[in-house]
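Same chain, two partners: chain A is paired with chain B first, then with chain C.
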Partner chain A sequence: MKLKYKFSPNYHDSISTKGIMFDLLIGLLVVFAASDIYYFIAYGSSYGIRAIGLLISSILAAVLTEIVWCLVLKKDIKKYLNSSFPWITAIILTLTVQVSISYYALIVSTIIAIFFGKLVFGGFGQNIFNPAAVGRAVVASSFTGSVVADFVSGATPTSVFANEGWFAASNSAFNTFISKFGGLTNLFLGLYPGAIGETSVLVILLVGIFLVYRKVIDYRVPVIYIGTIFITTLIIGLMNGQGIWYPIFHIFTGGAMFGAIFMLTDPVTNPTAIPGRIVFAMGAAFFTVLIRINSNLPEGVLYSILLMNILTPAIEKMFDSHQVNSEKNNLKKVLISFVVGLIIVVGMTMFKLNYKEIAINTSALFALVK
Partner chain B sequence: MDRWKNFKSGFLDENPVFGLYLGICSTLAITTTLNSALGMGVSVIAVLIASNVIISALRKIIPDEIRIPVYIVIIASLVTIVEMLIHAYSPSLYSALGSFINLIVVNCIIMGRAEAFASKNSIIDSALDGLGMGLGYTLSLVTMSLIRQIIGTGSIGLSNPFTDDVIFNFQIIPTGYEISLFKGNVGAFLTFAILAASLTAYKNSKKEAKKK
Partner chain C sequence: MSFLLGQMRHQVNGQKELTDHKDIIKLDAPSVVKIPLIVANVSCEVYVKQGDKVKVGTKIGARNDHFYCPIYSSVSGVVKGVEKLMHPTFKQVDHVVIENDGKYEAETPLKPMDFEKATHKELEDFVKNLGLIGSGGAGFPTFVKYMMPEKIDTLIINAVECEPYITSDYKGIYENLDFFVHGVRAMYKLSGGKEALVAIKENKKDLIPILQNAFKPYEGIKVSLVPDVYPMGWERTLVYELTKKRYVKLPSEVGCIVSNATTAICLGKGLTTGMPNTQKLVTISGDGVNNPSNVLVYVGTPVKELIKACGGYKGEDIVLIAGGPMMGQPMTTDEYVINPACNAVTVLQDKEHEELACLRCGRCSDFCPSGLQPVRINNSNKLKDVDALAKLHVMDCIECGLCSYVCPSKIEVTEGVKKAKKYFALKSKKK
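== the complex of A and B ==
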């Protein structure tokens, strides 16, 4: 892997921001179309139409928020929208929610994502956090109950496995669990209930390869992210008596693949130095595994992205030197961060506390005291 | 007229919370309901007026070198009195505010006004300044708690702190449409940021109008 730095006169590049965003738009729409066709076939037309309705309402909310912002600040609306791309945020946000979410919840989350995630920081290119991740965090913290009863999305593999504490009792227990969702192949194809765009690893991978080919995203970020998750969970799985399926399940389930291709690669919230990007992706992977296994949240991808967004300036500072001359030094830094992160994550998951047991013990203690 | 101007400045131009960024800790923590916001505001007004008056009366006696310890002794005694009064007469408010009543001692508004105003001005001026600043603080708390309670829980209500009788309670946003984010810490920071930004924008626009 090359750690070379790309020098800065980007103005003469054949790739423009507009071109990048157009390719990204096509990629996102392909992911959406694939999952919408699945909804039409597997669940009936009401689900498919609802997914389209959610997408349109989210895009409209995002665009309207930016138009109001332009009107208040007296900016040229057309010019501003052309260089701000609110629809990208709206589509990514829609793809990460389940089809059963209410229109109200999605619209409010979009508005908060665009306004607090992007506009108050100065608009496109200035935001600290990935705006779509901000919106998803709003959904997770405020609207978990705001779902429409007519649309049953059912238990997802992630939520079921999270309830089990992210470890299967035995290999056969895992087999019976995963066969409910059609096995790991189905997980790869995405034919199971879940977020609208996060389910199909196959489609996301194909779109990801297209985007890498078009130089829209940096291939290092998703490769390092998924690779680190694989290595970390492989070690953790072996230490806890899980089979080879364990790391594969970690990669296929939840938003890992979607986050790797579409959210972590956001050029605005990424570090610019290439070794920085590698550390960024590694850190996100460690946080993902740690949050999944050690916290009581169902999924770790979203918060790992937001946490690494906070750390981006620090990573930038870590590799703030002459990139070509200090290549060896940077490689050392990357390796050290990897080893330290691996030890921390594996160590923390090893000493995973059984919260229920502790709760019982303390109440027994209190009873004794009384 | 100077006194009136001084009194008025605490509301907008020198609003302690959104203009001077003083006493933010308690502002973020206790503005979840209108009740606790009003309770906190009234307690701060009481302590602020009393401490301003006492410090202003003693300003010629207090040696300059040890003025801060003296201020702290005065303010701490006043806060202890207020805390005991609230504990005795309004247990519900006491439990709602918790340790933030004690933390009035270190509320920067009170120390700041003692140092910046009461130690240099006459008793009446200091009392008026305390009232103005205290009302400005209460106004900020009430604004924030109104926004947070309405968006976060969908309803707005007020109850008598001494008897716990409900004075009024309206459901403004139907259930299922409230944004519970605003009840929590994130909502506190978001609301605070919006209000502080709008006050700054208002001040800037006023400054520009003056220039023209």
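== the complex of A and C ==
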């Protein structure tokens, strides 16, 4: 018999990091399965099989990248993979691309996501950017044309509406536009082609509820993110003569729901304190709206996540305090962040409209000079 | 639980069924008892020397500062001298060594007192001279809390016992119900409060009606049920649960006194008999002992005797903890003795935990009952950033262990915070 010295406490919860990651894996696979069934039924087996092929190739690319990393740095491969979870990044990345993407583009993006997004920062737990978002950014910036012609990549509601400058000329114009995709109800159900896992708000919400119940994600992050998008676009919509459909369209489209449940909640890259997570989600929502309406980019969710990842350390510092004693102070900080963000976003969308008018005036001035 | 705060507590499997319905094992004092000369981390003066004859209840030492507390002998016999020995505070502490003659001759240091007729001052002096200390863990002299009756509204008797494995309060109340009721009534009077709440976990279904019945005749004393979460028995969590008030340093700021149930039993016994507390009910539990039980022993009995009485160790690699598994002090020897503040020894089989990288999930911050951010404290300590540690209020940590408990990556979060506290204390002293 030997007495061993072990630091207190010698009692541990049954919840483990592996368990959390397993729940997340199940959730992601459910989203994928639901989407794949839709592709099988609506577009035929070639589409369904292709989606599965994409998923497998991305997972393989991710795992192989980490194996090579281990070989080069002489680490124990099994132990490293066991605590690194590369497949999660691969699955999230696959779910955010369209089924028409080429294998080449997805594989290269996965490798870059794992290598530059995660490994070079020190691996799981050390990365400052969401690796899947890094991979998706590579797809968006380098491989927009790398699609296979046999598969419809087609226009998504997001891309069509983005071309219109994120405002509809009138309510009836919106109705004709959205009816092509089966209306807002169909947007909720997700029965239209788009990114593999991002289309069905219903499935994502159900999985999200499961993940909250299993304590994998903090419910505050998706609630604040979606809520802030809703409020901001409601105000912007009302100021620009859009109907109540406007904020609903914003939260149903373009991966907002997927980002809220699966990407913003990534524990590694969001703040650890609760008020920090709230401000993080809020900021991402403001950036999403701003990028959608004000920039040339088609979609805001992805870049908003990467931008907020940069701010995570600053947000952490902002809420370094005694959480109970500073509760009121923290509430103040959260509310001020909200008001300031709202004013900036609403103000800048107004500025955009003004800017167009000024542009016309200056050209008129040039004409006068001539 | 509010929107900006986490749960600040967590349901923990109590493992109480290992011991709560087993008979109490009663042990005679060994041939040599060793009584520690320390009260709440401050060493005491010794009043006896080698060769002195002592009886049960002879004053052998005392802490002589503003926290006056006498120490009494638990057996009769001859003093052999003073010896340094490991103590549950994990320090070498002076112990008075007494050779037990097995006769248990007694002297009563105090006269039994009818508290209903006594004045506040008389009762306070009685508590002081009884050497009554809090049985909740820290072991501070009890009378100190009761010195300002005009400020107090509520007396809370803490029978929550939220540490896993421990059932000594529960068993003690069962066995000594009359002393308990008597002690609570005396404390109620002494506190000067308008009401007394006996806080007990709502899952102790069999004890609740017994207590409700026992306190029915006495106006102002009520049994309050609290949820089965950890650390419900911590003063701050308990006061907040019962009064929804938060305080800065001491519960008296919001008009509360919190006293442990076993302390009330000791007071009840003392008032009736005039004898100080010389015996302790100690829970020996865990998967590293053959027959987990509650053991009634004399103060000064080595722990190895208790383990022997419970069937000995089970398994080869054992973690022996003075106290419960959450807050207790792991010990490297089973020679240390039971002192008046001990209520449990947890004996566990050593299990290896695979430690993964921190995934920054923030669970430690969400569940911290003090409202701290253990993950941030650990990171700041790694960077040796004293200013950040100050901002994070590192010294408010009570080392309850919940951060390590909830950590999904099984990181020693609490240990990291303890190190940060030491580092911070050292640095701020230098300034």
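FYI, the second predicted complex is superposed on the first by the 340 of 370 C-alpha atoms of A that agree within 3 Å, B and C clash if a C-alpha of one lies under 4 Å from a C-alpha of the other, contacts with A are read in each partner's own complex, and residues count from 1 in each chain.
Everything below uses one rule, namely that a residue touches a chain if its C-beta (ideal position, glycine included) is under 8 Å from a C-beta of that chain, and two chains touch if they have at least 3 such contacts.
A quick note: this is a predicted structure, and the numbers were derived from the prediction, not measured.
Of the two partners chain B and chain C, it is C that touches the larger number of chain A residues. Contact with neither chain B nor chain C is seen for A:V30 once the two complexes are overlaid on the shared chain.
When both complexes are overlaid on chain A, the residue A:I128 reaches neither chain B nor chain C.
In the superposition on chain A, no contact is made by A:L234 with either chain B or chain C. Residue contacts after overlaying the shared chain place A:L191 against neither chain B nor chain C. Those residues of chain A whose C-beta lies close enough to touch chain C in the complex are 1-13, 15-20, 83, 123-126, 218, 220, 267-275, 277-278, 316, 320-325, 327, 330-331, 334. On the chain C side of its complex with chain A, the touching residues are 2-6, 8, 10, 12, 164, 246, 313, 315-321, 325-334, 346, 348, 350, 353, 356-362, 365-366, 368, 370-373, 375-376, 388, 391-393, 396, 399, 401-402, 404-410, 412, 414-415. Contacts from chain A toward chain B in the complex involve residues 102, 104, 108, 112, 116, 120, 138, 141-143, 146. Every residue of chain B that touches chain A in the complex is listed here, in rising order: 176-177, 179-181, 184, 186, 190, 193, 197.
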